[in-house]
Each structure stands twice: as C-alpha cells, then as structure tokens.
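Naming follows writing order (A, B, C, D, E and F), and every chain is counted from residue 1.
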Amino acid sequence: MRPSGRTPGQIRPITFTRQFTTHAEGSVLIEFGDTKVICTASVEEGVPRFLKGQGKGWVTAEYGMLPRSTHTRMRREAASGKQSGRTLEISRLIARSLRAAVDLSALGENTINIDCDVIQADGGTRTASITGACVALVDALNYMRNKGIINTNPLKHMIAAVSVGIYKGQAISDLEYLEDSAADTDMNVVMTETGKLIEVQGTAEEEPFSFDEMQEMLQLAKQGINELFDEQKAALS
Amino acid sequence: MRPSGRTPGQIRPITFTRQFTTHAEGSVLIEFGDTKVICTASVEEGVPRFLKGQGKGWVTAEYGMLPRSTHTRMRREAASGKQSGRTLEISRLIARSLRAAVDLSALGENTINIDCDVIQADGGTRTASITGACVALVDALNYMRNKGIINTNPLKHMIAAVSVGIYKGQAISDLEYLEDSAADTDMNVVMTETGKLIEVQGTAEEEPFSFDEMQEMLQLAKQGINELFDEQKAALS
Amino acid sequence: MRPSGRTPGQIRPITFTRQFTTHAEGSVLIEFGDTKVICTASVEEGVPRFLKGQGKGWVTAEYGMLPRSTHTRMRREAASGKQSGRTLEISRLIARSLRAAVDLSALGENTINIDCDVIQADGGTRTASITGACVALVDALNYMRNKGIINTNPLKHMIAAVSVGIYKGQAISDLEYLEDSAADTDMNVVMTETGKLIEVQGTAEEEPFSFDEMQEMLQLAKQGINELFDEQKAALS
Amino acid sequence: MRPSGRTPGQIRPITFTRQFTTHAEGSVLIEFGDTKVICTASVEEGVPRFLKGQGKGWVTAEYGMLPRSTHTRMRREAASGKQSGRTLEISRLIARSLRAAVDLSALGENTINIDCDVIQADGGTRTASITGACVALVDALNYMRNKGIINTNPLKHMIAAVSVGIYKGQAISDLEYLEDSAADTDMNVVMTETGKLIEVQGTAEEEPFSFDEMQEMLQLAKQGINELFDEQKAALS
Amino acid sequence: MRPSGRTPGQIRPITFTRQFTTHAEGSVLIEFGDTKVICTASVEEGVPRFLKGQGKGWVTAEYGMLPRSTHTRMRREAASGKQSGRTLEISRLIARSLRAAVDLSALGENTINIDCDVIQADGGTRTASITGACVALVDALNYMRNKGIINTNPLKHMIAAVSVGIYKGQAISDLEYLEDSAADTDMNVVMTETGKLIEVQGTAEEEPFSFDEMQEMLQLAKQGINELFDEQKAALS
Amino acid sequence: MRPSGRTPGQIRPITFTRQFTTHAEGSVLIEFGDTKVICTASVEEGVPRFLKGQGKGWVTAEYGMLPRSTHTRMRREAASGKQSGRTLEISRLIARSLRAAVDLSALGENTINIDCDVIQADGGTRTASITGACVALVDALNYMRNKGIINTNPLKHMIAAVSVGIYKGQAISDLEYLEDSAADTDMNVVMTETGKLIEVQGTAEEEPFSFDEMQEMLQLAKQGINELFDEQKAALS
C-alpha cells in the first residue's frame, strides 16, 4: 500500500553522522531515508535577558531549509526578509522539545543554540530535526562537562520524534513526502525515553479524524520512537 | 482546587454577541469568562493566486492582541514590524480549523478572511477565537446566500475548540490565565459537531504527560466542546 | 442638508464607557455615533532614554484600526510589516495632544502609553481617540495617585477634539464618513478646557478654503469641543 | 528680539536655482537663508493602480534629509530600514499641497514624482520644500507641454508655504532653527496665489495658543507667502 | 611558513561530489580543504521582468552560511530579517561570474538560480562557491539539453576562482582562515579556462600593496586556477 | 573615439568645493565632470561596541543616491525599506579605503562617519566619492586637532580613486556614463599618494579581459590618480 512498500508501522532507515562539521560543539547529520538535516548545538556563555541572574540556562532552536532542499526551489528566507509562519512554528517546536530534555538549572547561565538546516527534504523534516538535535545536544553537553563548564549531566532523558498519519484510511508511521502530501491527517509526536509525551500535534488535512484513529496513530508513534531511541544510543556509544 | 472554584470539567460562562460591529459580513464578540475576542468574517471576491481558475474558494485567518489586552502592555506588532512566531502559529491554526468546516468547492472563487482580535486576555484566546469565528463564518455564509453569491450552504459542520491541561496533577478544562501559567501540560483541541477531531496540540510545559493523562484531557475536551456547540446553536437561533 | 439630518454645528451622540477592559490602568470605549474606539492608558515605570535622569515623565501614543473596522477590509499593519504614514501621523498627533495636557515634571520618571484602537470607523476616529484617551489618562493618573506613585495631580487641563469641515459649501461639525469623503476641507481641532488651541490641522481636499471659512470652522469646533468637555466631566463624575 | 535681528514679519533671503541638476524634468535648489533643499520633479508615464483607466494624472512626493544636513548626524533612513513618522508626515503634506495646485484631469495618465532632499537644515525645511517644489513642478509641466505630452497647462495656481510661530510671546514669520526649537507654537501654512488656504498645521509645543494668536500668525503667513509668490515669479521669468 | 606547511603556490586538496542532493538539476558539494559548500543549480522557466520577450535567459545566485559553519555561531540572516552587505556582495560576485560563463541567448527564456550554502568555513568560501557552482551549472545545462529545453550548449567556457594574498610579506595561494585573518592583502580572482580574467578583487587589509605584489598574486592565481580546471574536468568526466 | 573627445588617459575636469554645507566637520562637493557628490565627514565621540576599550578609533561610510540623480528616477531606498546590494557594496568599499588612510590608534576612541550622497550621476560615482571623502576627512581631522580632541595627525597618506575600463577594445580612464554602459570591462582602483594600491576591483561586463589589458588599465589608473592627488592638494592649500 505504501509507495516504498513499507509496512504501516515501518520507519525508514535512520543514520546519524556525528561530528559532521567541525566547529560546532555538537554536529549531527541525521538521515530519515531521503530526508537529511544538519543539526548543530552551539554552546554560548550567558542567557537571554529575561533569565539573567537566576542561575539557570536556556536552549533555543532555529530551523531552516536550503532553497533547493525541495522539489521546486523555495525562496530563500534571508532574501525575502522574513521567516515564514511554518518556519517559526517548527523552530518553536524544536526548542520546546529540547528544553524538556534538559534540567535548565544544571546548565548554569549558559545557552545552547540548536540549528537544524534541511539539506534534502522528503517528509518528516521537523521530527528528524528533533531526533538528530537531541544527539547533537548530548555531544554539546559532554563538551561542556569535559571543559569543566558544568559538573553534572543536565540531560533528564533522551527525546525523539516521529510523524504518523492516516493515509488511504490506514494509520502509518514516518510519512515520506508522497504520503504526506496525500494524507488525511498528519500528526507529529515527541516522546521521552521514559515513555511519556512531550508534544502531540495532530492536524486533519482533509478529513477529521476519530478518537480511535488518534489512538492508532499514537501507538505507531510510540513503537517508531522506541526504535529511534535504539538508534540514538547506538550512535552515541 | 481551581482558583475560580470550578470543577475540573467545568468551562467558564460563554457569551456570543453577534453583529458586534456593523461593517463585517460576520462579526461576533465571544467571551469565555474574562477572555474577550472580536471575531469578524469578511467576504471578498476572488482567491489567492495559487487557487485561481479552479472554481474553489478559500478561508484565511489573522490573529492579533490589542497591546493592553494583557496584564502588562505588550509591544504593538504593527510598530515592531513583524508578527511573533506565536501570532503566526495561532493564525495558521485558526485558518486550518475553519477551512476544515467549509466545503471550499461550494464557496465559488471567493475568500473569507477571518480576523480574531483579542481585546482582553485571560487564557484560552486561541480556542475562543476558533469558537467565535465559526459563528461569524456562519453569518458570512448566510450573507453570501442572501446576496446570491452562492446557492448552497458550504458549511460541512460547526467546529469549536477548548483548551485542556494538567494542573496540579489533575486534568482540567478551559484553563484561565492563572491555571495556564502554572499548568504542567496545555492542550488545545478542535472538534467537529460530528464528534471528530480537527486539531490536537498538546505541549508539556514542565513535566511530560502520560498516555493516560492524554486520554483524560481528550475526554474533558470532548465534553466541553459539546457544551460549546449548544451555545453556538443558541446564539445562531 | 446633512445625511443624518443634523444641524451644521450638531455633534453626534457621545458615550464613554470607563473600565471597558480590566487590565489597563485607564480603559475607555468612546463612541461618537457609529465611530467606536478603545482607548487605554498604561502606566509604566521609567522613561525613554533621551529623558533619563531629568526627573520628568513622558506620554506616548499609538493608533491602530482593526482590519474590518472599515467598510472594506484593510490589510493588517502587523502583517504588512509597517505602519502607514497615516497611522504614524495620527499616533504622533494623539501623543503631542496628550502631552500638552500633562505637567510632565509632576509625573516623575514614569511613562503613560496611550493605545487607541478603532473597532468601528465612521469618520472622526482621530478626534474621538484624543477625546477618549484624555478620560483614560485621567483614570491612569488617579490610579497613580492612589498607589502613591505620584503625590500631586499632573493634569493641567482636560483636552478634547472634534473634526470640522466644509461640506457642500457649508461649515459643519463632527463629520461622519459620508460627509468626510465628500468634504472640500477637513480640519481637526484640539483644544483645552481653558479655551485655547493645542492643534489645528486643516486640509483642503478639493477646493482651497478662505480665511472666512477657516473662522467659521474654528467657531464650530470651539462649540463642539465645549460640549465634549461636559460629556467628559459627566463620565468622570 | 530675533537672533538674526529680523523684524517679526521678515522672512529670510530666498533664492531659487533652476536646472540645479540635469536629469530631472524640473530641478530647483531652494534656499531660505541657511536652509537648502534640492527639489526635483520627475515625469513618469502611467499612474498608480487605483487611478488606472480614469484618464487622470497623479502627483506624489517624498522628503528626505541627508544624514549630516543637521547639527548632529542623523541616522540614514535607508540604513535603518524605515522612514520616520516625521518623514512620512512631511512627504504626505508636500504631495497633498502640490496636488492642490494641479488639475489632475489635464495631466493625462501621467505621474509627477516630487523629491525634496534637504542638504542643509536651519528650520522651515517642509515649507521651503513646498515652495521650491512648486517651481520644479512648473518646469516639469513646461517640459511636458514642449514634448507634446499634454496640450494644456494643468497648473491651477502657484502655491507657496511659510512657517510662522509664537516666539517669546510674539508672532513671527519664517522661523530659523534657533527660534523653532524655542517657540511655544509652530504653524505651517500653505496658500494659493489666489489668497486661499491649502493647509494649516498649527501645533502648541509648550503652551496652548489663543484664537487671537492664531489670527496674528495667519496674517504673518499671508504676508510672507505673498513675498514668496513674487520670488517664484521672478525665478520663473 | 604556512600553518599547514603548504608551499606558497600550493592549493588545498579539492573534491567535488556531484548529485550531492537529489532535487536540484545540478548539485555539487565542493571541498577546498576544510571549506565545504553545497552548490545547487535550479532550472526555472521564464526570466525576470526586465528581460521578458528578448529571447534571452538569465543566471542568478544567492550565497549563505549556515549559522554554525564558522568558529563562533553567526546570527541567522533569515532571523535577523536582512542579508549583510558581505552576503549580498558575494551573491552578486557569484552571479556575475557565472553569467560570464554562459551565452545567455542560447539559454532561451529560462533562468538558472545558483545557491551556494557554506556548511563549513575555513577561508575562501566565495571562490570555492564559484568553482563548485560552475560544475553544478554544467550539470543543469546537460539536464536542459537532455530534456530538450535547449538544443545547443550555452557554456562558453568553464570558470574557476581562487583567493590569493600577501601573508607575512609573501604572496600565497588559497588562503585558509588562519592565513586570511592575518593577511595584509586579500585578492579574489575569477578566470576562464581560456586564460582570461572575469573578476579581480584585491583589498589591502592592513598594508597597501605594490604593483609588483599585485603581479605575483596574479601569477599564483593563474597557476592555482589552472589546477582547478583540471579538477573540474576530472569531476565531470 | 570617446564621446567627449577625451584622449584615453584623460580624466574629466575635477573640482572640490570645501565647506559646501555648514554643519559637518568636513563637507566637500566633488565634481568629476557631470558627476557630483556631497561628501561629509562627521566626528562622533565613541566607537562601535567591538572596539570599546582598545583606545582606537573607527571610520565608517555610507553611500546613497538622490532618487533623481540618474537618467530615470530610482526608487528611494529609505522608502523601499532596504539598501540594495550595490549600495552596501559601495559603502563598504568607501569605508575600507578611508580606514586605510588613517592610523586608527592616533584617532583615540572617536568615530568619523563618512556620508557620500550623489546628487548627479554620470559614471564613476564610487571613485569620486572616495576622492572627495578623503578631502572631507582631512578637514575633519584638522577640526579635531584644532579642538584638541587629538594631538597628532592620524592621516597616513592621502588616497584617491579612479575608474578605468576597456571601451571599444581600448583602455580608457575615468569613464562617463555613456562609456561605462558600453564598456567590456570596468575597474575601480584606489591608491595611496605613496604609489601603492588599496583596492582593485575589475569586472568583465561582457568580455573577459587579458592580463595585458589589466596592466594597461592599471597604468592609466596610476596616471589619473596622480592627477587627482595634485587636485586634492590644491584644494587643501
């Protein structure tokens, strides 16, 4: 039923390439099939103004797509002078998700800036970004410990994310572009390795979805995300 | 347990004031307790470029807050020269939700622009906006039929929305500001009157939430939204 | 002669609704017939940089229109990324006028931000804004005295404003939209309750106006503004 | 009493240099004492969209100041990314004033763009701009007639402008910077050579002004503007 | 003398990875040592307005850097709302250079958009961009011929570029970051494979340079660029 | 061969008008034939943030063109909300060139802001700007010494600039607009009075240029710039 021949719950092959670039404290190329995102984590002394003097750290995130990461060239956001609503929405989602992975008090007054830049898009760029950024974040936290910037590990738990949806009446996991553009419903799920939910964003594209379909999607998401945790651990070991 | 003494599933008093302003084809002041939003629906001939010549219509939405709708004055977005990520995200949510209520083919090549302007905020402004805008939309569609712009009713079903969350470990419905700012999880749910889901956006603010908590919140949302459908019908009759 | 049947010097019915919204220190809905403006006065500690350390306060103002306050929907300025020249011009006029009502030295190093948001427009929105904002300002100053932020009353005198014009060859007062769009000359006058002028802005739209017509318009303005002072006092008592 | 020793009604020496630059159809350097403005009128085929197909023309205007036309350097507006409210307000004033000088129907579907760029500022830049731009406009209209673009003269009457004010309790004409910055009231008056008013913009800077003071200022303005008409005619002959 | 031990005229190891991403008609990852740039060439029907109806094509280019391509994180230009002068200057240089490689008449009314995105920076990003983009351009032109969009080969000659400079008093080729930041003079040279110059941009950073030093740098540039032409051909064969 | 009848190496008549405007510490109108640029140098206490506390000064520059300095009116950059790539590129070139003329350590923590505003353009505006700005800079430095702001002369050497190019197969100097728009190659050269190079920017517009042509252009540039140094000295004496 799926263009790729995958089973409904089957996610695409995943690869993590750590130290993909040399300057960032954490730098990961994540691939979900043909979706490829460069995720970097940059450590910076100090925190935004609203946090100063509280002894806590912060995690921010920005998302972008190279103009020709997509089938037809998109206008470069730097040239058009503003980021689209979609870009800002995804940036906010990535930042909230990663903040939920970190004990900000244990970070000290330091900021970690996450950048997720899509170099090739085939569906699921926001969930790939979160999953890859979490590995880059771990590398950055290790860097901070090695440099003596922090003494304890601020990581509360790994997080990972997958997209699920209703495609031709069936719940499926990790939608690629062909599926995504034809799906009735699209849902992004972010979870902790402790089996809890960080974000659930489900949207009916064409047809409203039932409570039962919601349950099916959540179950597929849980299963797929558990596989992602295994991949993350393998990559980090 | 709740600051207002409400029970967990109890929503605030709701009022709809139709024809709140005179120029818009649909104009509704919706009040969810102390949250007050002016929702207008403006009918415009023609559609955005990407839809031209397809015989279909479109629904857009923009959300804004008056600078002093909040406890402390916010900077006016028109003066700062750009809309925040939050504003754009809510505008997109409202637009997607209302498009799901309408058979765009039955609209002809016409656009309905929804404007939701918060004049007083006390939590739940985005769900109040959707709930009020649906009533303004119905008034605008009636106007179009009365003027002979369209011949059939493009409304597929009413939609309404409520926020739910986990507050002091308990699932509650229709969070006011005091609850919202202290909640562990915040979830916005948009449903059709046929009992299906249009949007589910759940976010862990402090603590991740379990699948069971998710179910409890969805049940409260369903119950609250059903009450909103009754209020909408009363207002429209 | 006038579409409404009013006499040349007759202004529209005026209402002030104080405490229209709950968060602002001063919040007034002013109605000049069908023109409706929400005027809020927000008290803020501190002053702009150019005034720091002088022991004086400041009054600013911003004006906006809801997109569908007008007959046809206007583009939202926050979305277009800049305020129009008209918006900035009116904001500057409101701010200058209200500063003229206040002894800035008696304010201490505090700022009062005036926001005038038009929710329904039928001519005279800038003069309604000034007239309503002065009442909101008084409420904000009273708040400051009650809170002990200031010890004396910085109000030098009430101010109020009305538009006058030459319509079908005749000087008239308080133009509504139908008159305004057909007038030869449009003049906005701001006065103090002591009978002096703060601002006079007269513009020939089609035909230049004579010195005699100018005198007639000024007399009508004086008479109309005196009625507004009575209404302001009634609202404040 | 005046820093320059001028009598209250005495305006500064005025010079017009026509053909100051070579490309524009009309190009005038106007000097009001030390205030120097380059005024150009550029003829362009076509009209803005809202006028298309009506057989009428249009006149627009833009005002700017070189960064070091003032005592201390101002930030370049092109670099800061937006024009100030003051700049837009003056641009609108110049455009309205010059449109009042022209029979737009006699222009055909052509646009005249006025640019007023202050190269040295010593008070009264907006009134100098209007007065100089009117001469540049006449040159551009003559160019159009010579080229056969129009057959009749669209000029209805010359216009000119002067600033007046209350300085040390006395009405004076054509304020230079030292006077302007210390004046209680500042008023800009634009008139036609037929003795009628186009614009009157009076602003109390510190002290409200009386109706009597308003009359005195208007009389001085009339007298000063009449001298400007003589200068314009001399320059054009 | 050089940090890397290279001889003055020795360029870094160069690699081209064609088809680096899948959507673009031409997509090349170019590496000059540790400098890595993704260069894509996107074919688009139609030309900018100023060229319409002339039967000629166009080539544009945009340059960008990922925020953490550099030692310390740079602000994302899409977020800051404008491209820096440096970014625009480099984009213009790349576009001019590639237009010089193409017979625009032979392109038909089609546009090729070049995007050069630096994922890792170690000096020489603009010359690497030009050198890599030329290969991506060839792939895009081949795509156009294979699809029958054009019938002849519009490529006039390959182009390539290298940076040269004066470092510690000595002319050297292909400066890496450590050298670039300490160089007295920096010069970028773009040449054709026919041995002619397209662009020469030399800048004294600290010390002015002599005519003799200019000659030495030009000779090194010629030699280095000739090696680049060999690498380009090997990559394309 | 040249439209003006000039010999290949002949530059246009040059005039410098010092103290062209009164407020700036240095203010020069430079004319290269029909190209006219107002160059001002403004002295300001303090330096940009990245230089604070180092005891060094800074020189910045901004370039602009009046909208009707050109044959057809250009859009005003302040109105369009951003400076073009060309404008930023020229501003950067002027700033770099002038910084090369000054010993920044001898400036103290002061900034000199250069503004070059083209009031009439006939080719070579950027080189005229640099040549005129250097004279304005000298006047500003003299002002600083006279006021006791600095004790030594920070000027290392005069700088001047000229454009050269290949026109109808021949190297020529100081291109006017007619030549510039038809030239095959355009090169801007900035030199010190000590005979060294500060900037060389050569661009093939249509045809690549040979190394020999490059030498010819450089020789013409040297000769022309030497004449400019004579003119600068005459103007300053």
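Definition applied: a contact is a pair of C-beta atoms (placed from the backbone, for glycine too) under 8 Å apart; a residue touches a chain by one contact, two chains touch by 3 or more.
Keep in mind the model is a prediction, meaning the values are calculated, not measured.
**Student:** Common contacts of subunit A and subunit E?
**Tutor:** Expected: no chain.
**Student:** Which chain lies the greatest distance away from subunit F when centres are computed from Cα atoms alone?
**Tutor:** B
**Student:** Specify the chain most distant from subunit D by Cα centroid.
**Tutor:** A
**Student:** What whole-number Å value describes the gap between the mean CA coordinates of subunit A and subunit D?
**Tutor:** Going by mean C-alpha positions, subunit A sits 59 Å from subunit D.
**Student:** CA centre of subunit C versus CA centre of subunit F: separation in Å?
**Tutor:** So the centre of subunit C lies 50 Å away from the centre of subunit F.
**Student:** With centres defined as the mean C-alpha position, give me the subunit E-subunit F separation in Å.
**Tutor:** Going by mean C-alpha positions, subunit E sits 28 Å from subunit F.
**Student:** Give me the residue numbers in subunit C that touch at least two other chains, ranges are fine.
**Tutor:** Within subunit C, residues 81-82 contact more than one other chain.
**Student:** Edges wherever two chains touch, nodes for the chains themselves; is that graph a line, a ring, a star, complete, or other here?
**Tutor:** Its topology is that of a ring.
**Student:** Let me make sure I follow the ring: beginning at subunit B and going to subunit C first, which chains come in turn?
**Tutor:** Order around the closed ring, subunit B first, subunit C second: B, C, D, F, E, A.
**Student:** In their complex, what parts of subunit B are in touch with subunit A?
**Tutor:** 82, 84-86, 88-89, 91-92, 96, 100, 187, 191-192, 194-204, 208-211, 214, 218, 222
**Student:** In the complex of these two chains, what residues of subunit F are touching subunit D?
**Tutor:** Per the stated touch rule, the residues are 21-24, 27, 34, 36, 38, 40, 42, 44, 62, 64, 66-73, 76-79, 81-83, 87, 113, 115, 117, 119-121.
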